[in-house]
Every structure is written in structure tokens, then in C-alpha cells.
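Taking it in order: structure first as C-alpha cells, then the write-up.
Just so it is clear, A, B, C and D label the chains in written order, and each chain counts residues from 1 on its own.
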Amino acid sequence: MALRSPAEFKEGLQDGRVIYYKGKQIKDIVAHEDLGIGVEHVSLDYELAENPEHRDLYVWHDPDLNQPCSRYFKIPETTEDLLNRRRMIEESTRLADAVVLLIKEIGSDAIFALDLITNKVDSKFGTEYRNRLRAFLEQCKVNDFSLAVAQTDVKGNRSLLPSDQEHADYYVRIVEERADGIVVRGAKAHTTCAPYVDRIIVLPTRAFGENDGDYAVSFAVPVNAPGLKLIASPFGSPPISSFHHPVSSRHRMIDTLTVFDDVFIPNENVFLKGEWQYAGPLANTFVEYHRFTAVSYKPPLCDLFIGAAALLAHYNGIAKASHVRDKLTKLITYTETVRGLSLAAAHDCLKQDTGAVVPDITKTNLAKYHFANGYHQAVSWVQDIAGGLVVTGPDE
Amino acid sequence: MALRSPAEFKEGLQDGRVIYYKGKQIKDIVAHEDLGIGVEHVSLDYELAENPEHRDLYVWHDPDLNQPCSRYFKIPETTEDLLNRRRMIEESTRLADAVVLLIKEIGSDAIFALDLITNKVDSKFGTEYRNRLRAFLEQCKVNDFSLAVAQTDVKGNRSLLPSDQEHADYYVRIVEERADGIVVRGAKAHTTCAPYVDRIIVLPTRAFGENDGDYAVSFAVPVNAPGLKLIASPFGSPPISSFHHPVSSRHRMIDTLTVFDDVFIPNENVFLKGEWQYAGPLANTFVEYHRFTAVSYKPPLCDLFIGAAALLAHYNGIAKASHVRDKLTKLITYTETVRGLSLAAAHDCLKQDTGAVVPDITKTNLAKYHFANGYHQAVSWVQDIAGGLVVTGPDE
Amino acid sequence: MALRSPAEFKEGLQDGRVIYYKGKQIKDIVAHEDLGIGVEHVSLDYELAENPEHRDLYVWHDPDLNQPCSRYFKIPETTEDLLNRRRMIEESTRLADAVVLLIKEIGSDAIFALDLITNKVDSKFGTEYRNRLRAFLEQCKVNDFSLAVAQTDVKGNRSLLPSDQEHADYYVRIVEERADGIVVRGAKAHTTCAPYVDRIIVLPTRAFGENDGDYAVSFAVPVNAPGLKLIASPFGSPPISSFHHPVSSRHRMIDTLTVFDDVFIPNENVFLKGEWQYAGPLANTFVEYHRFTAVSYKPPLCDLFIGAAALLAHYNGIAKASHVRDKLTKLITYTETVRGLSLAAAHDCLKQDTGAVVPDITKTNLAKYHFANGYHQAVSWVQDIAGGLVVTGPDE
Amino acid sequence: MALRSPAEFKEGLQDGRVIYYKGKQIKDIVAHEDLGIGVEHVSLDYELAENPEHRDLYVWHDPDLNQPCSRYFKIPETTEDLLNRRRMIEESTRLADAVVLLIKEIGSDAIFALDLITNKVDSKFGTEYRNRLRAFLEQCKVNDFSLAVAQTDVKGNRSLLPSDQEHADYYVRIVEERADGIVVRGAKAHTTCAPYVDRIIVLPTRAFGENDGDYAVSFAVPVNAPGLKLIASPFGSPPISSFHHPVSSRHRMIDTLTVFDDVFIPNENVFLKGEWQYAGPLANTFVEYHRFTAVSYKPPLCDLFIGAAALLAHYNGIAKASHVRDKLTKLITYTETVRGLSLAAAHDCLKQDTGAVVPDITKTNLAKYHFANGYHQAVSWVQDIAGGLVVTGPDE
């Protein structure tokens, strides 16, 4: 198969998965008035791979499988690979009005990190995690899977390790080991896209101590696995009108509280099991890749700020006012600093033993820092130029 | 009468006023599920005047009328008067969970400004505006009126004066002069509380040129005047739940597009009519008072930020983390700078010819500047401490 | 006597005091080419008290002594007293081209703090420090003394208390107790004006622990006391020309390393001796007063920035450029925020048991914070407007 | 010849050049106690080309001349060329304790810009400037010339063009055209290194109008040309001691007011003469290259800040304090943002018609912006960590 159509992707979601929303269980996520917006939004990923204009970028001919598959699944081995990822992410986000898709980006970040860390764990402990991971990656390619990543635990008291918490379940953990797999319990918070992906990859959220072995667990799981329950967040829902909310009425990310109510994970899907020393490195390596993803999808949003500010200035007849030019210049400075540093991170990437490359960590972090540190200020400049009408305007 | 109960206030709103909301006309604003929240919110003003604990602050014995009336209507003549206003505004806002009431604060700001400027216009042009204003003020006291102020015009191209605009109606203007009054046309944007006050005071929004005489108009008008139509903004409506929106589900300000469809204003309610040289001074003087009001009601919101941040830090188990202490210190710095400068503005107020005082203009503006300039940053500190749950959390 | 002339002040400095500068001992501080600038600078304090235009502000008729004396020595008991202090400090600094004098300001801050804390120590321990302090204050008034304050110790490792340091002498301490007094050893760093004042007041620099009793010491000492040696700092010396350095070639503060080489202090000049619990409160109370002094003498410097920037803009022909107006506005914002908060601190001062008032601590600290936090930025605006000539210009 | 030794370089300066300093004419710049520091400082450039460890980077084998010459003179044609330039500049600056050398960097920037613009002027006007420029470049290579650039005019009123100024001489201009050359008059301000280079390249400082033809002039001139007078700036001179000024007592840049008192320039050294339309493009193109140079030599200074701050923190015993770690992190963020964006500018350089590349303009400007915008703040962090001793410490 290797490449699926949007329709095939949607079909695949009809698999008995358990989703709750505003207190009720959702039968058909695709058809759901509210959550369906999320499904429609991300199916752009499958459209782009079919689209002649974009196919070359989004599709990659895998030499091992000897078939075309999503380029997201290519482990980056050169600056060029990283620049291609940047472009894929930046372009699809731009096409979706600055709302990132995230059904393969973050999942492949997790795969890249697992590929590096399982290699280390295997050589230290003689385990076989990397083979499992590679087999999983092949499935992703062949079935053109969409993926979510559940890393962030609910965590309780942030100053304490899992084993020191008041409740044992503040972090997801192994409650039973069987010959053919493990049983996990707990909940992960804010898992983006979980209701409408094929697989969820679970990663530890931080470094652990030696008493936290049960919490040092990583695996992949189909969303319809028995015992897996998604509670979708109502935030941003419903937007009152496409007039007032032209973006969020068409493009949405849905996050879930992802509950593992004693879910069985067969061994072939388990990538870390008790090796607590590697929980931290795995969490960090994932973040190193994922932060690069993040600084690739932020610039289109910043571009939108610039464009919106320029258009609003035009509407208000103030395009030539010096304070407006100043604010536009600052918005551009903000945007291009993030973009420039993310490009620099790709150029100065670091080669690993496995042949994979990791984007330069300092530059990736700096790009992220500048985005986050300047974000509220950037919003304020757009608002300043807009005037009060955006919050007091009458209806359509 | 002089002081009304909350019930009497609500009764007064049943006067045939014309309000549109989400495309439909509202029959009963008080009973309305959504807009009624605004009515309930502001009726606190009338409760406080009855409440033994607060009465001394909110009620003032007027020596001229020789009866108790709302202290908001006392023209400030000393630092003490200004400090009392600050206290009234800060305290009522605090009691309303940091959402200001604004049904007398802003109206009295307009009255104080009119009192100073009509005095100047009268001495220059031999008009009698100040007597009319004083008569109107007496009505406000005796009937315990609630007031909105419609100053901001829709404005069109911000770089042009009214008479240079593409449409003559971008600013409210006089379209007819009669022996007993004037007829006005146009619309004012974002008038706060208009749907549930007794009177609206109209002021010019900026300085004008000599061709803009028709736009140099100020008057008071009952909300049910024929031709007056309010189109209420749907923003912030409806909040999905009191769980996720504990403040805005109970406290709201409703703003309107305030349409003057050839409304007749009898002479006794007209305070400026064509004296374009005084449009600017009137607009500015109002703003000088109103900015002092603004910097009086902002600190409780900032206090709420501090408190929320401290509570969230406690929940997350990070109250002692140095970055948290740093953020709390910055929030306090932010808050107390605004508060301190607003107090300084009262202390260094400027005595006017009429005996009234105006809060120190530089210090008032600085307090406002620090509030506005630091606002987005302050919000970001609270969000940082909160973590992601506030935007991805499941429902109640 | 009570009020001295500048000449009498200078005469008083010829008392055998031991001062080293650039490796040599200075014979005559007044005549010294370099350090003499400092003497001339501070003698303005004595001029103002003689000057008919300024006398009313700087001279105060002490009701107890029934004679005129320097108003700096009046313990503040009202907002008006604090506002007078602000005015004296701000005005003298302005007259000295924004360089503060500091020969009575800081000393009286120390006296005010000692007056409050000796009161507490006496009631706790039955000591008589406050009487001694009052006697010393009377001497200051009667002899019109100039004063320096040596609080900051050299300190060594900043994370350790004095008794935990590698060397016992990192903080000034008592090395011997005699019937009639104590002997102190150690050094205080950067003592401003020490070479040309009559007395130095020594205060502890921080809170101590119970093992630090020997370090909990406060006293007054004449500058020519045997064993006292001042090593003056060469920083800012010599300014190359009055053309390039119009201010610092005429107005300078000289700081010393103040060495106590076993100096005997008679009991009547000792104000704290071993009561370590009060070292912290004394240090803090001094700082509370002194910070108010600091925020009183900073605004003239800020005013100078504004004026210099405006003049430079004029020279460069860019006074109307929007970026220049923006920078000037920011400089004014900066300046008036500091000034406004320092005024607010005086208005909201706190009455103490003794009848004295302390400026509002939060507001004083905020004024100081805004000054320090914005200082480098403010300098950058002036430099931006100036252009490169200020650092590459040829000589006179 | 192609490569000179430091001694040969110094010898070359003994050519009768006219330099004034503090009102006196300097006979021997090399031996001069004060200005000689600048000569010694820049001679590092010649040392590096001889040094086996650095030679590969600083020396380039020119294929046309078929001999080794300074790599600074290689016109950049690839990202690699730009990265080499960055490295040369960053490394030599680092070796000189963060003070840039600037005797070839800025001159080659001018040559690169002239190479691009003369190409355009020649094709538009049929002139032969580019051949002259190429010939001059060959001389630079063969003689291993050091160069200064005099672009910035004294300018007078910054809002007016040269021909609108009160005085005709506020910008350097052509006062006479002869068959074999031109005579120029006027002065350029703050020309760095002028007293100790072989040639000065003159460029226009801004875009001009059609009346400013006489001011549209560019040329190269030997420093001992008759009529050329340098007035060196005394700023930063003398540093009092190598103890207090360990860097500036050994490394200095000297700037001059560069006076053209009717200097004759032979045709072969003239690169623009009256083509006012190209004054702006030439000024800008130079700046595009030069800004890349600037953001290459700034990071070593920033590194020094980081190192100094870390060392001072260690001395003060506060290396683990959270505010110190915070400040160090901010210093690193500052430094690596500048460095990262300058690298990104090299990676995304723009190919020109001539085959040369220009560093990405936006990214270069952003690197410069971040450096300049954060500079004062960065200094304040270092000062905060240092404490007061750096300005009040006694002498050696």
C-alpha cells in the first residue's frame, strides 16, 4: 500500500476506538460536527501526497522497501533531509492557515529518538529494542500510519519523582509483566491528535531515579486497544462563527487526556521496559527532534501575524504611520529570527553513530526560545494595530 | 429618591429600548440568558450603596441637595476625593472578581470633563452649556442614574478628519438643527454597558478642524430615545461552563455598536454644538479623568494574576522554585507600579479654575502605560506557571 | 555654631587623616589636583545653607537646640519631612550637574535607621544605645558634620556568613573589648566621600547568625582616628579634559577601601556591640531610608539624559524624526516612573513607634528597580541619538 | 611579494603621513607610546599569515597570480568562502582579546561592494571602473596592503542632502576635474585604523539626489597623499593601568577625522565619479558585506562576557545562585543568537551576476540587530555579577 488516500485514512479511524467528549461517548469521530473539523484538517497530509504540485516533497521512494512512502518516515541523515522536513512541515502548516497537522511530524520525531536510544540501550543491556522499532517503522511506512505521541504525564507534584508521589498513577507505569507483553496503567495529559490517528507512541516524560523502573516504559499502541480511553478537551470549541473565527472554525487540533486502564502491550511494540537510566536521554532526544519540528511550523503563524497586521493597517488607513512600520519591522524581526535559527540548526546538525543527524541543539533551542519569549509581545503588536473592533464588533 | 435598589435599577431598564444581539431583537435584557449576566454583574453597584459595610464609601451626602447620593457623582475637589474614587472603583472591581462595573465610573468621568470644558466654551461663546450640564448632573444624582459613554466613532480612515472621509457618517454628526433641539446621525463603536444603563453621554472622539463643525457635538440621551439602536457584540459569549470560565460566566461587560438613526436631542441635553475648537480639549479632558478610572480598576486584575499564579504554583508543587519566585516578584512589580503611580497621580492632582482637580496627567498616563505595556508579559508569566492543562484539560 | 561655611568645612579636613591614592599618601586632600575635585564638589552642601535662595529649604530651626541647623539632620516624622528631603537631595544634585553630594544624605539615613533600631535593641537588652545615638546626632547638628557611611564589607565568599569565611577579616569585627570601648579590625569596601567628611558611621552589611556576634557592630568614628586608613579608588581619574568630560572634570565622588587597623572606638560612639539578631534589621532599615535617598538623586541624572538627547537631536537635525520622538518619550517615561514612585513612597510612608516615618518600602524599591532595570537601556537611547562622534571625535 | 611580515608592515608606515593627536603632530606612529598600541595590535594580522597553526586559514593561493596572498582578498563565491571569512575574523579577534583588527576586513568589504557596483555602473554608463578596481585589488594582493575605509561623512544636518546643507563641505566632494584625475575636498569622520594602514578607500555614505553629483565619489588613496591629514581621536586614551584595563592597555582601535584638503586622486584610483544614482547602491552593498564582517567579530566579545561573568561568579562564591545561572544563560542566548544568525546568513547567501555571493541580507541584519539591541543589557548582567568593586577598587 504505502500511501493512503484521505478517504482510506478516515476509514481507518472507524475501528471501535473509545472517545469521550463533553461527558458523552463519540460514535463517529469523522462525522462529529465539532471534532470532525480536526479530522478534516489533518487529512490534508494525505491530500498533499496525492497532489502533483506537492508530491515530490511529501513522497519519498524508500530504497529498502522499494516503494514510495511518506517522506516523514525518512530518518534524517543529512542537512538536506532536515531541510526537507522543515519544508514539508512549514508548507503544510501554511496551507492549513498556520495550524500544524502533526499526525506524522511528532510521531516520526519519536521514532528518530527511539532509533538512537534503543541502539544505546541494546548495546548496554543486550536487548533487542531497535529491531522492534525498525519493524514498527516499516509498518508505519507500509500502512502510511498517522501517529500521536503521548509523552507528558499528569505528574502531580512537579518537584517529586514518580515513586515519591502521593499516588502511584501520576505517571504511566507497568503494572504487570507477562511472557508476551506488559500491562500499563495511568494517564498521559494533552495528547494532540490522539482521536484520529492510527497509533500512539508512548515515551517517558523525564529522567527518572532507580526506584522509578516501572515508569521507564516506551511503546506503540493502536488507538482501539482494549482499555485505552481518550477524553477529548473542549477548549476552543465551538468557535461561534466562521465570520469571527475564520481559522479555528476550519482548522483545529484536538488534545486528549489519554487513559491507560490496564492496557496490554505485546512485546513487539515495547521499546523500553525498566531501563530507567535511559528514560531521560530518550525524553531529551525526542525533544531535540521535536523542537526542530516546532520551530519549523511556527514561522507560518508568524507570517500570518505580519500579513494580518499589514492588512489591518491598510484597513485603518495607517499603513504609513511610523509606529505601524515599527511594529511591522519588529514582527518581521521576530519571524525571521525564528526561521533563521531553525535553518542554522539544520545546517549545523550533528552526525550520530547510527548515521542519523540531530539538528544543532543550541540553535534549535534558541529558535524555540525566541518564538516563545516573543510570542505575547508579537500578539500585542497585531492587536495594537487592529484597534478595539476585534473584541467588540457586532455579529455577521 | 437619590438612591435606588438593584431591583429598581433593573425595573428602569424595561423602557422599550431597542437592542439587537446575534441578529435578533432582545425583548427583556434582564431575563436574557446571556446578556442578563451583564445586568446582574453591574447591579452590584446598587447593592454596595445599600450594604452597611460599604455604604460609607459609596454614598455621599450632597450638601446642595441635602440628601444621600452616589459618591461617584461628587466632582473631585481634593486629593481625598480622588483617593475615594480610586477606592470605590478598586473595591467594587475586586468584589466582582476583577471585572469593573463601569455604569457610573465612566459616566462621571464624562461629567467632570464636561463641567470643565463647558465652563470654557461658555466664557468664550456666551453659551449656557454648563447650566445644562449641572441640571443633568442633578438628575443623575436624584434618579441614581447609571450611565454609558459613547465617545469612539467608527472612524473609517484613521488618517483623515471626519469631513475628509469617504462617507459623511463615519463620525456621529448633527444633521438637523431645530428650535428645540438637534437631530443626530451616525454610529459610535464599542459602547460599554449601553444595553443596561439609563442614559448615554456622547462625546467627540478627537480634535477636529474648522470644517468638522457638525461633528463637534456632545449630549446626553435616554437609551430608549426613538431612533437609537444598540447592536450588542457576541464576543466572549457564551462561555462554555462555569467550571472552565469561573469569572466570565458570572461577570461580563457587554459592548455595543450604538446607532443614531436620526435621533432627536432636546436642547437641554446638548452640551456642545459646533464649537469644533473644543472637541479636542473635551475629548482629552474626558480621557484624563477616564484614564485615572482605568488605572484604578486594573490593579485588582493584576492582583488576581498574582494570586492565580501563586495558587497554580502551589498546585504544581513548585512554589519554591527560583523561576517561580522570580515570576511572582515580577507580577508584583508590575501590579504595584501601576497602583503606585495611580496613587501618585491622585496626590499630585492639579487644581482647576472651577475648583475641581484633575489627576496628574503624566503620572496617570504612566500608570496606564505600564499596565498596557506589561500586560501580555504578565499573562505569559501566569500561563508559564500554569502549564498546558489550562488549554487541554477535559471537561468538568 | 550649627552651620559652617564651605571654608570652615575644608579647614576641618586638615586633621592628620591618612589617605593613600595611586600608591602614595596624600598630604592635603583639599589642594590635591585630582581628589580636590571631590572636596570642591561636596562643599556645595555648605554653600546652599548660606545661599538666600536655598537657605529655607536646607536650613531647619531645631526646636530643641533652638538654633538653625542642616535640615538633613531632622528625623522625618511626616510626609512633608520626606518630601523636603527629596527636594533637598534632588535640587542639590541638579545644581551639581546630576552628581549627588552625599556628605549628609547617607549619613542621616544611617542615623534614622539607628534611631529606630537602637530603640528596639535597648528595650530588648536594656542597653543605652539610643541615648548615645541621640548625643551623636546632637554633635552632628551643632558641628554641622559631614558624614560617610561604611556598611559594605569586602565579604569574600558571598554564600558564607562571616564566621564561615576562610579569613576572619572579610567583615569588620570587634577584636578587643575594653572598659571604655572596643577595638575593631577589618576593611569596608567602596566608602563614598570618606576622604573628605568629618565622621564615618559604620553599619553591619547583612543579617548574621549567632556565631557572628563579633561582626555585629555599629559605631561612629572621626576620620583621623589612629589606625584608620583610607585607600582611594583611581576610577574615573583623571578625566582627560573638561571639553570631553564637562561633568566629571568638575564633579566627582571618591570611594575608598576603608581599613580599620585595630581602631579604638570609645563606648559613647558604639551603637551595636554583639547583638547579632539586630544586624539584619539595622542593615535593612538603613537601606530602606537610603534607597529613598537614591531614588531622590537619580531623577536629575535622568533629566540630564533627556536634555542631552534632545540637544543632540537638535544638533543632528533630527528632532522631528519619529524614532527620536519615540526615544525621548521613553526617556521621559523612564524618568517620571522613578520620580513618581519615589513621590508615592513619601505619600504612603509608614509611621513607627518612635514617631518617625519610613518611606513606603514597596514603592521605594520599585522606584529603585525601575531606575536600575532601565538604566542601560536609557543610556543606549542617548547614545543612539548622539551617533558615533562621542567616541571618535578629535580633541578640543 | 604577496605576503609581508609584521616588521615590513610597520616599515611601510614610515612614509611621511600627516597625523595629529591631542593637538600635536605625530612623528613616528609605530613608536608612539599611545597610538603605537594600535599598530602593535593590528600587526597580529601579519603574524597569523606566518604562523604555521593559522597559515592555512589566513593565506590563500591565488590561481590568477599563482602566488599565496591574504585570504581576505578572495572575492567570496560560495558559502564556504563566507564561512572562511567568518572564521578568520572571529579567530583573529579572539586572539586579540575580542578587539577586532580591521586592517583588511573592512577594506575587502569595500572591494567586494565596488566589484559588484562598478560592474553595474560600467554597463550603464560605458565606464571602465571595474578594470581599475580589479587592478587595485591586484595591488592589494601583491603588496599585502592594509586598508581603511572612509565612508561616513561629517554630514551636518542629517535631514538634508549634501547639496542642501549650510556648508558645501559637510560631505566629501570633487572640487576639480583634471585630465589625469580629480581633486577632492572635505572630511570623513571616525575612520578606523587610518593612521596605520597603507591605503584608504573612500565610499559615499548614503543615497544622493541628482544635485549631489559632486558628492558621488569613490576612490582609493595612499595615506601619505599630499593634502591628506588625519586627526586621531583621544578617546580611550590613556588607560590608566594594565591592571585595571587588561584589554584596552594592549589592544586598541584608533579612529580619525580624515581631512581631504584638496587631495589629488589619479584616474586609475577613481571608482565612481558623479554617477549619483549608484551612490546609494554602493553604500548599501558595502554595508551588506560589512555587516557580515561585524557579526563575525562580535561573538568573541560576547564570549568574553560569558567567561568574565562565569569567573566573577566563581570569585564571588555565587556560581550556583539561580540568578547567576539565569544571567549566564541569557548571555549565552545572546551570543549564540548572533553567531547562529551570522552562520545562517553565510548558508543562505545570494549569488550575483558576477559570480560573487552576498550574505543573506535579512539574516545579517538580524544578527546585527540582536547584537546591538541586546548589548547594553548584556553588559548589565556582567556588571551585576561583578558587584561594585570594578568601579571602586583601589589601585594595583
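Heads up, the rule we're going with is that contacts are C-beta pairs under 8 Å (C-beta built on N, C-alpha and C of every residue); 3 or more make two chains touch, one makes a residue touch a chain.
Nothing here was measured: the structure is a model prediction, and the numbers come from that model.
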A-C compared against B-C, more contacting pairs: B-C
Same or different contact residues where subunit B meets its copy subunit A, judged by the half mark: same
CA centroid of subunit A to CA centroid of subunit C, Å: 58
Subunit A and subunit B, separation of their C-alpha mean positions in angstrom: 44
Centroid spacing, where centroids are CA-atom means, of subunit B and subunit C in whole angstrom: 46
For subunit D, residues contacting two or more additional chains: none
Residues on subunit A engaged by subunit C in the complex (per definition of touch): 322-323, 326
Footprint of subunit B on subunit A - complex, ascending: 20-23, 152, 156-160, 189-190, 231-237, 240, 244, 255-257, 316-318, 320-321, 375-377, 379-380, 388-389, 391-396
Subunit C residues touching subunit B - in the complex, by the definition given at the top: 333, 336-337, 340-341, 343-345, 347-348, 362-363, 366, 369-370
